[in-house]
Amino acid sequence: MAIRVQQEDFDLGAELLALRQDNPKIGAIASFLGLVRDINEGDAVAGMSLEHYPGMTEKALERIVEQAKARWDIFDALVIHRVGDLQPTDQIVLVAVTSAHRGEAFAACEFIMDYLKTEAPFWKREQTSSGARWVDARESDENAAKRWEK
Amino acid sequence: MAIRVQQEDFDLGAELLALRQDNPKIGAIASFLGLVRDINEGDAVAGMSLEHYPGMTEKALERIVEQAKARWDIFDALVIHRVGDLQPTDQIVLVAVTSAHRGEAFAACEFIMDYLKTEAPFWKREQTSSGARWVDARESDENAAKRWEK
Amino acid sequence: MITLLYFARLREALGVSTEQIDLPPEVRDIAGLTALLRARGGAWENELAEGRAYRIAVNQDMADGATAIKTGDEIAIFPPVTGG
Amino acid sequence: MITLLYFARLREALGVSTEQIDLPPEVRDIAGLTALLRARGGAWENELAEGRAYRIAVNQDMADGATAIKTGDEIAIFPPVTGG
């Protein structure tokens, strides 16, 4: 398991290659890449700043990945989340999961993203034309995470 | 929409960069990469050869992507599927979907993979220690595709 | 004339990848065509028997026994697909 | 002594990012601590009022009002998270 919280950008292709390390047991890699959009809640977004809780962030992400590993037959997972100042089209987050078969890889990848959204201590502050604002948590994210409790 | 059936390998990172083209409306890219494993049905696999039905393959994949676009609010989708001779750890298939939000991207990406597995005319022939054999279709793949009929 | 294409395991079992045949006037659908092919006996009778798992596409769209066929059609017969 | 951390909108609203306070002997859980902080009045009373959406972590694990606390703990108070 690799968990990284960093200001620097990352190379998606290189990260996925490193994750699979030519392991011939891997048949499937599901990945999710989150990007900064130039619009949110109907307002133009010029950029954003991501704050986090150092220490707890990594701990929360590790726990989420452990839960995914306990629940699905997966080999490994990678989570990279950026913090600091970001612009539209910038990469924010990468979650990637390797497994023998696709069903497990998809489910674990989406599970990790859904829990990251509701459990990992990151906060976004957006710059819009009417000033900076803290992004509100969305009920749809709570609901997405709750699906997995079934 | 881009659909490619090709013998050549592809560069995952470059393909995903090209797919998003710095479009600031994209908030999410879900992707799936399928790889050749060195084992199947309990037997060691030294390599495989992928046959397809030229013309129908592209048509079937286009239809699957159209269905995904009709069903979810996604921007674009990319499907690359290799044919010919492949070795363990080789890339076989890439499906990537861009959208504003992650739920749609994940669902459409998994839908496309599930239908590709049951509708697109590709056939795998594996080389094992006991000779070459055509891979049998799996009931689990039929069931995965049927989930989406609900 | 119709064009028949065979793929993968069926191509090997039947020993042919493509052929063109005249469509007898009484054969109007896929069920009629597969009956015609089964009447060739041997591997044809065996591989295309009722209950065997094979798929048929007419002009590159998936078809079933009731699908109508006509002169000029491209008809492909193949095993269940295994890509991805 | 306990260490208190505040993040994001709450850090701004309360005007403090970290502080260390002595834990009064009668405060044994998170509910007791938030009551103590609310008694500061002003933004504290407002932001930490019942029904406001905030989260608390004790030693970097999510906690609730019943979670016990003790001297030496690191306790963080922050808005619902919005990463990803």
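By letter and in written order, the chains are A, B, C and D; residue numbering begins at 1 in each of them.
Basically, a contact is a pair of C-beta atoms (placed from the backbone, for glycine too) under 8 Å apart; a residue touches a chain by one contact, two chains touch by 3 or more.
Being a predicted model, the structure only gives us computed values, none of them experimental.
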item	value
Both-way neighbours, i.e. chains that touch subunit D and touch subunit B	A
Distance from the mean Cα position of subunit B to that of subunit A, given in whole angstrom	23
Cα-centroid distance, subunit B relative to subunit C, in whole angstrom	26
Inter-chain centre distance, subunit A versus subunit C - centres from mean C-alpha coordinates, in Å	48
Residues of subunit B touching at least two other chains	34, 102, 113
Subunit D, residues touching no fewer than two other chains	84
Complete list of chain pairs which touch one another	A-B, A-D, B-C
Residue numbers on subunit B that touch subunit C, as the complex places them	34, 50-53, 55-56, 59-60, 81, 92-93, 113, 116-125, 134-138, 141
Residues of subunit A defined as touching subunit B within the complex	11-14, 16-17, 20, 22-39, 88-89, 100, 102-103, 105-106, 109-110, 113, 140, 144
Subunit C residues within the subunit B interface of the complex	5, 7-9, 12, 53, 57, 60-62, 76, 78-84
